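Take this structure first; my questions come after.
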Amino acid sequence: MRIGVLTSGGDCPGLNAVIRSVVHRAVADHGDEVIGFHDGWRGLLEGDHRPLDLDAVAGILAAGGTILGSSRVRPEQLRDGVERAREHVAALGLDAVIPIGGEGTLKAARLLSDGGIPIVGVPKTIDNDIAVTDVTFGFDTAVGVATEALDRLKTTAESHQRVLIVEVMGRHTGWIALHSGMAAGAHAIVVPERPFDIDELTAVVGKRFEAGKRFAIVVVAEGAKPREGSMAFETGGTDVYGHERFAGVARQLAVELERRLGKEARPVILGHVQRGGTPTAYDRVLATRFGWHAVEAAHRGDFGMMTALRGTEITLVPLAEAVESLKTVPEDRYGEADAVL
Amino acid sequence: MRIGVLTSGGDCPGLNAVIRSVVHRAVADHGDEVIGFHDGWRGLLEGDHRPLDLDAVAGILAAGGTILGSSRVRPEQLRDGVERAREHVAALGLDAVIPIGGEGTLKAARLLSDGGIPIVGVPKTIDNDIAVTDVTFGFDTAVGVATEALDRLKTTAESHQRVLIVEVMGRHTGWIALHSGMAAGAHAIVVPERPFDIDELTAVVGKRFEAGKRFAIVVVAEGAKPREGSMAFETGGTDVYGHERFAGVARQLAVELERRLGKEARPVILGHVQRGGTPTAYDRVLATRFGWHAVEAAHRGDFGMMTALRGTEITLVPLAEAVESLKTVPEDRYGEADAVL
Amino acid sequence: MRIGVLTSGGDCPGLNAVIRSVVHRAVADHGDEVIGFHDGWRGLLEGDHRPLDLDAVAGILAAGGTILGSSRVRPEQLRDGVERAREHVAALGLDAVIPIGGEGTLKAARLLSDGGIPIVGVPKTIDNDIAVTDVTFGFDTAVGVATEALDRLKTTAESHQRVLIVEVMGRHTGWIALHSGMAAGAHAIVVPERPFDIDELTAVVGKRFEAGKRFAIVVVAEGAKPREGSMAFETGGTDVYGHERFAGVARQLAVELERRLGKEARPVILGHVQRGGTPTAYDRVLATRFGWHAVEAAHRGDFGMMTALRGTEITLVPLAEAVESLKTVPEDRYGEADAVL
Amino acid sequence: MRIGVLTSGGDCPGLNAVIRSVVHRAVADHGDEVIGFHDGWRGLLEGDHRPLDLDAVAGILAAGGTILGSSRVRPEQLRDGVERAREHVAALGLDAVIPIGGEGTLKAARLLSDGGIPIVGVPKTIDNDIAVTDVTFGFDTAVGVATEALDRLKTTAESHQRVLIVEVMGRHTGWIALHSGMAAGAHAIVVPERPFDIDELTAVVGKRFEAGKRFAIVVVAEGAKPREGSMAFETGGTDVYGHERFAGVARQLAVELERRLGKEARPVILGHVQRGGTPTAYDRVLATRFGWHAVEAAHRGDFGMMTALRGTEITLVPLAEAVESLKTVPEDRYGEADAVL
């Protein structure tokens, strides 16, 4: 069998672990050949690739980033490129293509799959917002990095009597905010799923000070927005790929809370450190299992599917289902956290 | 409502997070009173306890160990103590007791539950060997610590041309060995579920050297044993609690592999560092959810039950089921790991 | 002997280790009494304090922040407060006061010392900019946190073809930028000591891309500024304490580099995580030694002095010298780093 | 100029950082050629080497181990090999050889230097026992790893009422034991410089229990031995290189303390994790500076010397001085630690 693999979209700890696992399973166990496309879909559209043997993936299991590179492609580019992709797949004699990527990548994967290309997708997003899998790799690392930062910030806030507004990743969903906020014992957690009321947030933080506490930690997902009419809010607009731009919610909240509470409030924006570097053991195991099962699916001819974690098992779900809806934080998880606005 | 909580058995990262969560949910949200028994079952049998309010659990979320202390009690002590426990529960006016512990604790919990004490158990074991829950808190931290150590050892083994036999925890099951071995890319993983054949292990390691590699990492669970007749093996016997004593499998393997391969082989025994210290974000979230749901179960009157993770949901399972069998590593996980003997 | 201790200024990993060490040495070894003033100089000016015995400092060695709290006081407040401070010191029967703090604190310490109060200062700054000591505690932790972040960011930048401008602390000196930049192999390091030339920085980064590299990491100290006339630059002004406000140099550099290079450039501002949380082993040892020697100095009557590290030895230097000049990065260190503009 | 570099002796975090720094400074700045000998002195004696250009050292700054490999050579092998080494150096047209290694390596370096080979040594030992330099790289990482383990073990010991005897590296000197013990707040520190009295150690630990404490942490250097007549003690003998073999002092102490105190005492042997894996920022900076200055020394013709840290400066000291005596822990450092027996 000949298999092509590519990584697409934003960085995510575990990408290299998937690539390595695909090569190990395919080459060492099945005697397959594997090639890697450079820079995501661009490599497939332009036929830019290189062979991947066991030596090519030696020592990459714990490495952040992706040895294949990645790039972002606008949806319309891919729509127009299905024919070209099909030609490259045929010319290279590929029996399967394994794209590793997030929502956009999986939508593209479905497009190519519908266009007749034999595809097994591997979901990737630190945001954990893909509906048909319990978890995606990268999420645990992102939560871990955010929690470690929150642990550090907590002692500073406490000793120096501050409100810290810590912005974590999550454009559309609050998973990283929820988990890191719970793990670090944040006093308020603000998620995109629930537009916040600035009066309520002020009250939560204010009550702590009234009770004699001297600090507060607010975790806010980058995509969080105020309830309409709640406070003036500057959005960031959208970029050329149609993605919302950074609105700076933490900065805006810090200004507003300082004004309302008369307490020093400071924003901390964790940024890209959440999506880079060596993956946690959890993410390495999940990524490795995804890669292994993607190869197995290809060998069984299970195309148009995506690997997914359900409980402790790796299963396959149709790509069509994978991108139907985002996995948002369900209501009952707010209750457990006891801090979500 | 009045709730008693206790922690029993070996140390496990996340114990304090459960205690804190029980107190937060019970005291802050339900207006309950909570008391903590000292040193596990001993505290309950002797009525040794203290009140736990919000201040008592401030700042313990990320702390290793247990603020309540723990101790080991021999099964027969507990059997004889049901009556005494019932008296203390009555005298203290407790409506629920939440014991947090491993297999032995849950067996004891069932005994007390059958004896009429209103119990909601919370499972705890770094070994991840409790059958009715997908995962237990503490396991992720143990795997993380072991993986970090393996990452460090790998570069040493490689530069200095060694076989390292790294012994991780796991008396009866190979979960920690499997996950840390997968996460670190170990070349062989030896688990208690499958008695190993020393000839096979020698061959696996030997083949690496024949192929020009200069090192090998073998991960072995402390409870692993050779297949009968495979090699001379000294067992550690059993201690006063009926637990098997440390056999030193890594040390014995190192001697044997060095003799057979003519390569320097060294044992590394990770030991107690795997079960102490601050929990990972994953374990803090899971522990917090277990505590929260244990209180909810108590309020609903769901006694004789234990909290469990199934997929992404926290559920309750009867204590009777919880201790019926160990959760061993299933066959298909060996295949994925590609390194288990 | 009766000793008062206080912590003043911004947060710094190791403050608690100093406090603990002072108490251990004074109480356990000398039989002294120790009190701690709350919130830095404010506590001394208002006589707000509490006793510190061995139990009060149990378990704080590795904890971030300061159990005594801190606050910022404007210079003129202290100038007017010498008399009041003297009265409190007399009323409390103190034989020595040990203030732990940065440049501002040491200036204040000198003022009080000149005013007749028996003072032994302990220098504290993550910026490492106090001239008469080789190193200050907190610096190693800050560099460690920044380096860990840079390690993570590097793989992201590489896989995703980006220029990342990473802003680290350092208002007046580039020590953190220099050390974290060297430790992480940054491609350019921008420090406050040398106003940068944007053309030169553009050329350095541009050359990497011309040579076929796909990313660049620029580390910039928060206090860095362009050479006059080099580029438009918005300063942050000064706050009520006379400190310069955050200018957002990384943000401004990212915009400018993206415009000039036509490559995606992103700012990452590490912020307060650099000054919070558990100290490294290095900082715990240094902080512990400083505390120990401060007590010894007090017992010898060496007042008006400050502890300092010279080579491997702890020595004392006059407070007068301590605040004469900042310790800036010397020229020859730029050469070694091979990346400083 | 043509420069040869080699790494010799046990693993040590920072070796790759030195190699990279030598190549960067020599190749990129001076236009030199650099070759690397494989497996330490063996490579030089057998002429086994490869060219090292900038690409060869890309991405190794933070990597543990050594890309050149290492090996141990018996002193007599080297003595007989001076002539052969001189021939290879001449044949390869080398103007300088930079060996990176510990005490044994530096002794060998001196031998070769006396034999006319132009040598600039770089000292390497996690044990920090080379007399003429304030610190060696690798030490900070080893102390950091040990301290992190001690932090984890402390909570376990406390919750579970145990005496833990933690064995850290240090055959002849107690630097790692001293610094990690101070950093983690160990209750007793046992170093090779001072043969211990088991009665005294028992008393120190016993007093804690009498005072109501429930645990104790004893840090012991692997090379520690009892005072003559103090207790029965099994030594490990010596290996083929004349090095002392592992005596298992922690294991022997645990048995003895448990017997004497009637408290559960457990040994934990940290082992090789202390000398592997990614170096701390501190060690990366020091290693980078050593490499840079070694190249500068070669260009100045300062041969027969070794790089050293004195205060904040890198200097050169004659190889002859470097190996005259071990740097043991001085008496006054015991006082500061307040826990050394």
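Things worth noting here:
Every chain is named by a letter (A, B, C and D) in the order it is written, and numbering of its residues begins at 1.
In the analysis below, a contact is a pair of C-beta atoms (placed from the backbone, for glycine too) under 8 Å apart; a residue touches a chain by one contact, two chains touch by 3 or more.
Model, not experiment: these values are computed from the prediction.
Under the touch definition stated at the top, chain C and chain D share no contacting partner at all.
Where touching is counted per the definition, the chains common to chain A and chain D are B, C. Distance from the centre of chain D peaks at A, each centre being the average of the chain's Cα atoms. If each chain is reduced to the centroid of its CA atoms, chain B and chain C end up 41 Å from each other. Spacing of chain A relative to chain B, judged by their CA centroids, is 30 angstrom.
Taking the mean of the C-alpha atoms as each chain's centre, chain A and chain C sit 35 Å apart.
Residue positions of chain C with contacts to 2 or more other chains are 151, 278.
Taken together, the chains touch in the following pairs: A-B, A-C, B-D, C-D.
The residues of chain A lying in touch with chain B in their complex are 24-25, 28-29, 61-62, 134-135, 140, 143-144, 146-147, 151, 179-180, 182-185, 278, 280-282, 284-285, 288-289, 292-293, 310-312, 336, 338.
Considering their complex, residues 7, 10-11, 15, 63-66, 69-71, 145, 149, 151-161, 164, 214, 266, 268-273, 275-278 of chain B touch chain D.
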